[in-house]
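Each chain carries a letter (A, B, C, D and E) given by its place in the written order, and its residues are counted from 1.
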Amino acid sequence: MENPVSVDFIRWIILLPLAGAAINLLLGPWIQRKLGKGAIALIGCGVVLAACAIAVSGFLQMVALPPGRRFMLDDLWVWMNVGGMKLDIAFWLDPLSMVMTLIVTGVGGVIHIYSTGYMHDDDSFWRFFGWLNLFTFAMLVLVLGDNLWLMFVGWEGVGLCSFALIGFWHKVLANTTAGNKAFIVNRVGDWAFVIALYTLYWGLSSVDHPTLVIREVAQWSHLLAGRPGYLGLSLVSFITLMMFIGATGKSAQIPLYVWLPDAMAGPTPVSALIHAATMVTAGIYMACRLNFLFSMAPDTMLVVATIGALTAFFAATIGIAQNDIKKVLAYSTVSQLGYMFTAVGVGAYAASVFHLMTHAFFKACLFLGAGSVIHAMGGEQDMRKMGGLRKRMPITFWTFLAATLAICGFPPFAGFMSKDEILLQAFARGHQLIWALTYAAAGLTSFYMFRQVYMTFFGEFRGTREQEHHLHESPLSMSSVLIVLGVLSVVGGGVMLPGYLADFKPLEDFLKPVFSSEFTRRLGEVPISHGSEIAFSALAVAMALAGWFVADLMYRRKVLNPETFAALFNGELYRVVLEKYYVDEIYQAVIVNPYLMLCRMAGWFDANIIDALVNLSALVVVYASWLSGLFDAYVVDGLVNLTSNVTLDFGGRVRRLQTGSINGYLYAILAGVMFILLVRAMLRV
Amino acid sequence: MPGGLTLNHFLVLSLIVFALGLFCVMSRRNAIGILMGVELILNSANINYLAFALFGGGRYDGQVFSLFVIMLAAAEAVVGLAIVLAIYQDLRTIDVDATETLNG
Amino acid sequence: MQLDNVASLSHFIPELVLSGAIVLLILLDLIIVNRRVAGALAMAASVATLLLVIAGGASNTWLFNGMVVFDSFAFFFRLLITLATIVAVWMSIGSVEVRRCEQGEYYAILLSASLGMFLMAEANNLLMAYLSLELVSLTSYILTGFLKHNRRSQEAALKYLIYGGVASGTMIYGMSWIFGIAGGLDFGAINAALSQSGTGSSLAVFIALVLILAGMGYKVASVPFHMWAPDVYTGAPIPITTFLAVGSKAAGFALLTRFFYPAISHLAADGNWQALSGVDWPQLLLVICMITMTLGNLAALQQNNMKRLLAYSSIAQAGYALMGFVVLSNDGLRAMMFYLIAYYVMDAGAFLVVMIVANATGHEDIDAYRGLAWRGGLVPAVALAIFLFSLTGIPLTVGFIGKFYLFAAAIRGQFYILALVGIINSVISLYYYVRPIRTMFLDEPEGDEGAVTAEAWNYGLMGALAAATIVLGLYWGPLIDFAGRSLKFFIGPA
Amino acid sequence: MDHLLTIITFAPLVGMVLILLCPRDQHNLIRWLAAAATVPQIVIAIYLYAHFDTATTAVQFAERYPWVPAYHINYFIGVDGISISMVLLTALICFISVFASFGIEKGVKGYFALLLLLDTGMMGVFVALDFFLFYIFWEVMLLPMYFLIGIWGGPRREYAAIKFFLYTLLGSVLILLAMLGLYYYNPTPTFDMTKLAANAASYSITFQRIAWIALFIGFAIKIPAFPFHTWLPDAHVEAPTAISVILAGILLKMGTYGILRVNFGILPAATHDMAWAFLGVVGTINIVYGALCAMAQTDYKKLIAYSSVSHMGYVMLGLAAFTAAGINGAVLQMFNHGTITAMLFILVGVIYDRAHHREIDGFGGLASHLPIYAGITGLAFFAAMGLPGMSAFISEVLVLLGSWQVHPIMTVLGASAAILTAGYMLWTYQRIYLGPVNDRYIGFSDLSARELFTLVPLAAIVLILGVYPHAILGLLNTSLTHLNQVVIASAPHTASVALAH
Amino acid sequence: MIAQAIFYVLAVLTVGSSAIVAFSRNIVRSTFALLGAFMGVVGIYVLLAADFVAMIQLLVYVGGILVLTLFAVMLTQGIADVTISNRAVGRLPALIISAVAAGIMIFAVFRTPWRQSARIIVAPTTYGIGNAFLGPYALPFELASIVLLAALIGAVVISRPLDRGVSNRLSNEE
């Protein structure tokens, strides 16, 4: 690899949001009081949009470079330099991180703008923008960090911001509980992730390249091939598997997805930005970034693809039964992330990134549309109390519909391009079962999305009169954002067209230098004919149509009654799905409760056993002193009793001069002396 | 020594007296009784000194030592009996309930 | 160099001054009515003795035909005993209890005891050892029982007397056997005789040593010869308690050392001592030492009377000092001597504070110290805390340095168990030493207990002792050097 | 500038003397005098930091004067990479503690006098290079600590104070024995730690092991290592705020510092043999067990105390690894834990001053009307959780990174504590600061300027060290890496040298 | 043989009297038995060629100490209360200890090579003792006077009741 281009603009992409966060969090209350919420909004949006602008200019610079040299490094200072591991605070801009940066700053920027409208009535306006900016900062660190530890800084940093924003309305305890859950579940993943990093570091230092700088890891990781690791896995498999466990936490995959639906407790822009567009994709980003490692571990790849497909499917099944407008989208997000992992697992990294990008567009659009609805409904999130909003909120409806078509995979919307690519790649690379799962999930997706559209926007309004009176289209700050994202959902797929349409894949070409390691290349060599591509497209569209059709029958035309389906198997199946397969309950029973019990036991043990053991030694001393007191008191003499007896004897005119205690003393002493003598005589005569 | 008396005759005699003195000291609960036991011990020691003075070499050393023992025994007896009398006197005149005792 | 009776007198001036003062005090008491004169005279005599002792130095001679030896070791203890006497006299002058007694006789007997201690430190002959020990004992009985109409005082005196009588009786019986084996009373002669005799006499020597130990051990209050100490310390007037605790104990250690080291051991080439003719008294004393400190500490844990607590503590302290005694090295003896100085400073200080509080409140119970620091008694409270911490062996006090050398000697002699026992005891002792401190500082005063104040001279002495405790804890180099230099026995003619 | 370390050590003592000369009721004068007495420490600490030569393992700013020549006792002080960070920490924490103590109203004179004496004792421990001197300083801080807890503490202060005292004394007397053993086992008897270390090869392995265990118990009590830790919750709960800060911020570090300085430096071969069990296993138990116990606490301060037990476990685990990352991480963790836990205890004190209780379940919703307080607490909590970007992250990561290859199972357990820590910290934060507003606490005032003054510097350090840990690591690296090499090289089998980096 | 016979007679006297002293439960009887013991010891002294010591023993012990003791016993005891119920807690153990001690020591006596000079001189000793007191034993001799002085003064002080004069003096000064 050639030396990266040394630049110094990347830092500003990162520092601007940080500065915004610092100003808003530290001085926010003051600014809001003196200058109004406008100033807060200006700072909050301004920094992100400025960062976006810098990123765009950076993109232009990068495009100007020859493809093989599109690596930029902004090295700030030495972070730590210990034991041969020299890590800097440095930022690394390559095509992959470029794409991510644009998504984060771009989508993030418009969501910031949306938030100025959505959060306008909140007293903690400043706090919201502070955390949102801080999130952007952390996400950018994750994306741009030049070494894995720095990436991990962002990795946990976004978790922190996620925690803070989920529990943004902290006076409601349930919100903070959801935040805690998100953070702790993520920590479980992080635990595996750091172990992966430790192992990677030691693996590389055993081949004399102790480093965790990503480009150096890329350079030397091939040396790790074939080395044994732990748990019977090869070293690389162990590392990547651990990393993937970390990714399941962050990207809400089985088994650690449980936090994401609860995370909907946060304000809707947060759900859009963090829990749909950016943070949850960190796991995918990480896997793509480290594609050279993952590609070396076929068994991990298989696990990734399987988990991804399973997640895609099961989350979709849960999605069909949800009534909360955001919960549906949340499970949809989990499901879509499953697609991305499927793509990673089958080695189609570019497809994965592509879907990541389009998903960012349409899912953000969906969430913000939902937010618009919730905003209009005065905080109501239950779809059963909505309906007929199409007329009252046209912009919201049309953008929402566009995004829905995108996610369902109708051509030519963005989702069609990306999802189709994933399904195709999965099948083409020989993972038929995985293809089947994801294919089925696509139908379910179509169903629950149109179910949502129909329940929300069609039919009669089912809410209260007061809500009906209050219904209105969202202000410009929100609706304009919906339009932008709606348009992107439509045209966003244009960066990677199916091969039978045109040989136009600028995204894949742009990313090619990143996915150019020997192992990744080997995985990518799959010939696919145009015919089969067309066939798969048709199949996919048919599936989407089928989903739509069923939803249409059930929720628009009401020909089929959903209740009858719900009542199948005595309603047990429906209940299981509605209750999300009881996964939360199982976790509570199997992990959380035993853990709390363990803690209580440890606390009891410490207070009653350990401390008692320590106090026991004190007790022994006290007991010994009591014994010696007895010795004094009884063996020598019953001092208390006897002396007083003696005194009483005197008082009783019995003229005896008895000093009882003394002969006891003498007795003891002489006994002592004789004992010594006796022992001596017996030992050596 | 004429008459077949050996050093050991005297040493054993003194030992018996010593042991009786010890017993007296240990078993008596009467202060004066204990002091009598002490006198027995002192006498037994003196027998030793004189016996060693005669059979061993240091003639005057032993005899002088025994003289000092006698003298100090007298001094001790004086002081001891004075204290005994003082306590007796004291208790006869002082309210018993007001007295403090040593213990513990 | 051995001097005859007349020539010896010139080296014997301090003792002569003391004797003169004794006679003078007895005479004065008949003539002069003012009771303060006696104390002043006794004070003057002790200070004069101190100056004369210092002026006399150590001259390595046998005096009075070898009856006493006047070497560096004796000089060290002369000094220590004089200092103890000064403290005792000083405290007596300030003591409310003592003020009620006959002054002339009191000081006369006090100085007699002091004289006896001098001779204990100098004795080079079994007869001298016995005589001087008896002098100290007899005067101690009298001083203990000096408080009129005080049942405790007289009961203590009686116990002390009976115990002392038995102890000295067994001791002279043991001495008679030593005399029978060695054929002489002179320590030098004993050493020579024991060196030549084979192991045949070792059992007899051992028995004799045990019997002698009863007499000497009871002076230092080592287990199992300690039983008198708590009662006597509690019953005696506080200045006498102090005098017994520091002076009598030091003299006991002096005699013990002089008898067990130069008389019945010999110094090997490697600087360690060896017991003669296979008599294993070191093991015996090792066990006694460990039991002494343990028992003293354990018994002290439950005491509620300060004097009694300090009495048991002094038993434990004797056990610590014995650590230096049993390791059979000059290092150990030096540590023991240093510890005796340390013990003198801190224990005298502690008793002084107890006396100050007793003078003010009339109580000696720990309860009388409740919240002392917060009810106007901060100065004595701080001083007592310093002394007690020093007794515990916390650094920055002389007590720590003392223990440091003791442990060092034990470690060097590879007496690890001994060191460990000592360590554990130090920790246990903290508990009861801290109790008065806790009562004084941590507890709030309750009721109408008044402020504790004392006369300036008591504060003066207390301040001096507290300062000495700290200063010697920080800079003890000259003192340890002095102890080391003093560790030279002038051994008698073979 | 020849006596910098003497000044930094004894400046508080001078302050103490001045305070003792003050009239009893001049509270403000005494407080400001105490504050002034800690300023020289800060100034000199900064000077030392700026002029410390990071390239050498040699002792710097050394001073040596004979004290008791006959016994080879010297007044020998100096700093090297092992101690410099602790000197900085002590200066900082003491400075802050004085301000955190301004609220004390009872026995002000005595309090500040003792506090400054404590300061001297602690600083002395870290600069002393003569073992005897080290021991003296080590014990010196016992007494003020006893009184500070015992007089100014909570309801069970007497129990806590004596427990602390007895425990620590037991430990220190064992150190004394080992110290004497080292003195005599040396070819030329000396207390000079540098010479003792230089002669390390001459001690028999049996002796090293015995001495090592004695020293370890002595230091472990201070750390506090399981199962010697039970004095800590009691002492912390009863101690006044500033004393808890010092206790957790500095005193605990003395244990691990002692292990580094004495066990590692002077007994490397025994260290190599025994660290696995005594530091590694015990450290892991500390981490996990402390976290479990913390979860079970209902007293805010006790919870923080147990979190200290947990976090000090990382230090031990790091030391046990014999890798450069591990040992550097351990010492960095000492520094970081010092600053973070100091914040935590100040924060507990803040709420205790207002509410007069510390029951976690008795609060709720404080964030709504004490936003600044809740914000800084959040920062401190996340710092304690080892959130990346803050200082503790770096040290915990280095520790675990260093120990992974050597003790994988322990590392996995240690790393899992990050989850447990997040669990109890977040749960606590939620119960105290979040949720519905509790009416009882509506009138409470937010942080005062003085409280902010004590917290903000610590928070700043926590953040700065998160992004620029090199500021401290750079000081340590040379000395610690060298020390690590010494330990490894002393092993009878040198195969493990490969782990050196 | 005669000497031996005399020795045994004296020994029986001494031991027998001592035994009564030790074992009698009547303190008065013990006191009188003490006289027998002292007399026996005097005889032994004579047998050991210590004429001067025997004389002193007679004077001091029999004439002084014994009388004093008897006086004290009478004074504190009261002849009426002869039947004393001494609890004798430790009699049996005391007996065992004494017996064991005696056993061991007798064993030691026979095993030990005591220093014995070849020539035993039996001659009057008064002159020699006088010389010894003025020569090598001058210091102990003088010291003894101080001991006696202190003992006498102490005995006087302790046994003297707090007389009115002293009380007045005390109350005046305080």
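In this text, a contact is a pair of C-beta atoms (placed from the backbone, for glycine too) under 8 Å apart; a residue touches a chain by one contact, two chains touch by 3 or more.
No experiment lies behind these values; they were computed from the predicted model shown.
Most remote chain relative to subunit A, going by C-alpha centroids?
Centre of mass proxy via C-alpha means gives E as farthest from subunit A.
Select, from C-D and A-D, the pair of chains that is joined by more C-beta pairs in contact.
A-D
In whole angstrom, how far does the Cα centroid of subunit A sit from the Cα centroid of subunit D?
34
Find the geometric centre of each of subunit C and subunit E from their Cα atoms only, then give the gap between the two centres in Å, rounded to an integer.
Roughly 29 Å, centre to centre.
What whole-Å value do you get for the distance between subunit D and subunit E if each is reduced to the mean of its CA atoms?
Centre separation, subunit D to subunit E: 70 Å.
With chain centres defined as C-alpha means, what is the inter-centre distance between subunit B and subunit E in Å?
Result: the chain centres lie 5 Å from each other.
Using the touch definition from the top, which residues of subunit E touch two or more other chains?
76, 89-90, 93-94, 97, 101, 104-105, 107, 109, 114-115, 117, 137, 140, 144, 147, 151, 154-156, 158
Which positions in subunit D are in touch with at least two other chains?
166
Touching two or more other chains, which residues of subunit C qualify?
127, 131, 134, 138, 141-142, 145, 149, 151, 154-155, 157-159, 162, 166, 170, 177, 180, 183, 203, 207, 231, 302, 431 - these are the residues of subunit C that touch more than one other chain.
Note which residues of subunit C are touching subunit B in the complex, please.
Residue list for subunit C touching subunit B: 126-127, 130-131, 134, 138, 141-142, 145, 149-152, 154-159, 161-162, 165-166, 168-170, 172-173, 175-177, 179-180, 183-185, 230-231, 234-235, 302-305, 308.
Please name which positions on subunit B make contact with subunit C in the complex.
Listed in rising order, the residues are 11, 18, 21, 25, 31, 34-35, 37-38, 41-42, 44-45, 48-49, 51-52, 56-58, 61-62, 64-65, 68-69, 72, 75-76, 79-80, 83-84, 86-87, 90-91, 94, 99-102, 104.
Using the touch rule from the top, collect the residues of subunit E that touch subunit B in their complex.
1-4, 7, 11, 14-15, 18-19, 21-23, 27, 30-31, 34, 37-38, 41, 44-45, 47-50, 52-53, 56-57, 60-61, 64-65, 68-69, 71-73, 75-76, 86-91, 93-95, 97-99, 101-102, 105-106, 109-110, 114-117, 120-122, 125, 128-129, 131-133, 137, 140, 144, 147-148, 151-152, 154-156, 158-159, 161
Spell out the part of subunit C that touches subunit D in their complex, as residue ranges.
Within the complex, subunit C touches subunit D at residues 389, 392, 394-396, 400, 404, 407-408, 411-412, 419-420, 423, 426-427, 430-431, 434, 438, 441-443, 475-477, 480-481, 484.
Per the contact definition, I'd like the list of subunit B residues that touch subunit E in the complex.
Interface residues on subunit B, with respect to subunit E: 1-5, 7-13, 15-24, 26-30, 32-33, 35-37, 39-40, 43, 46-47, 50-57, 59-60, 63-64, 66-68, 70-79, 81-86, 88-89.
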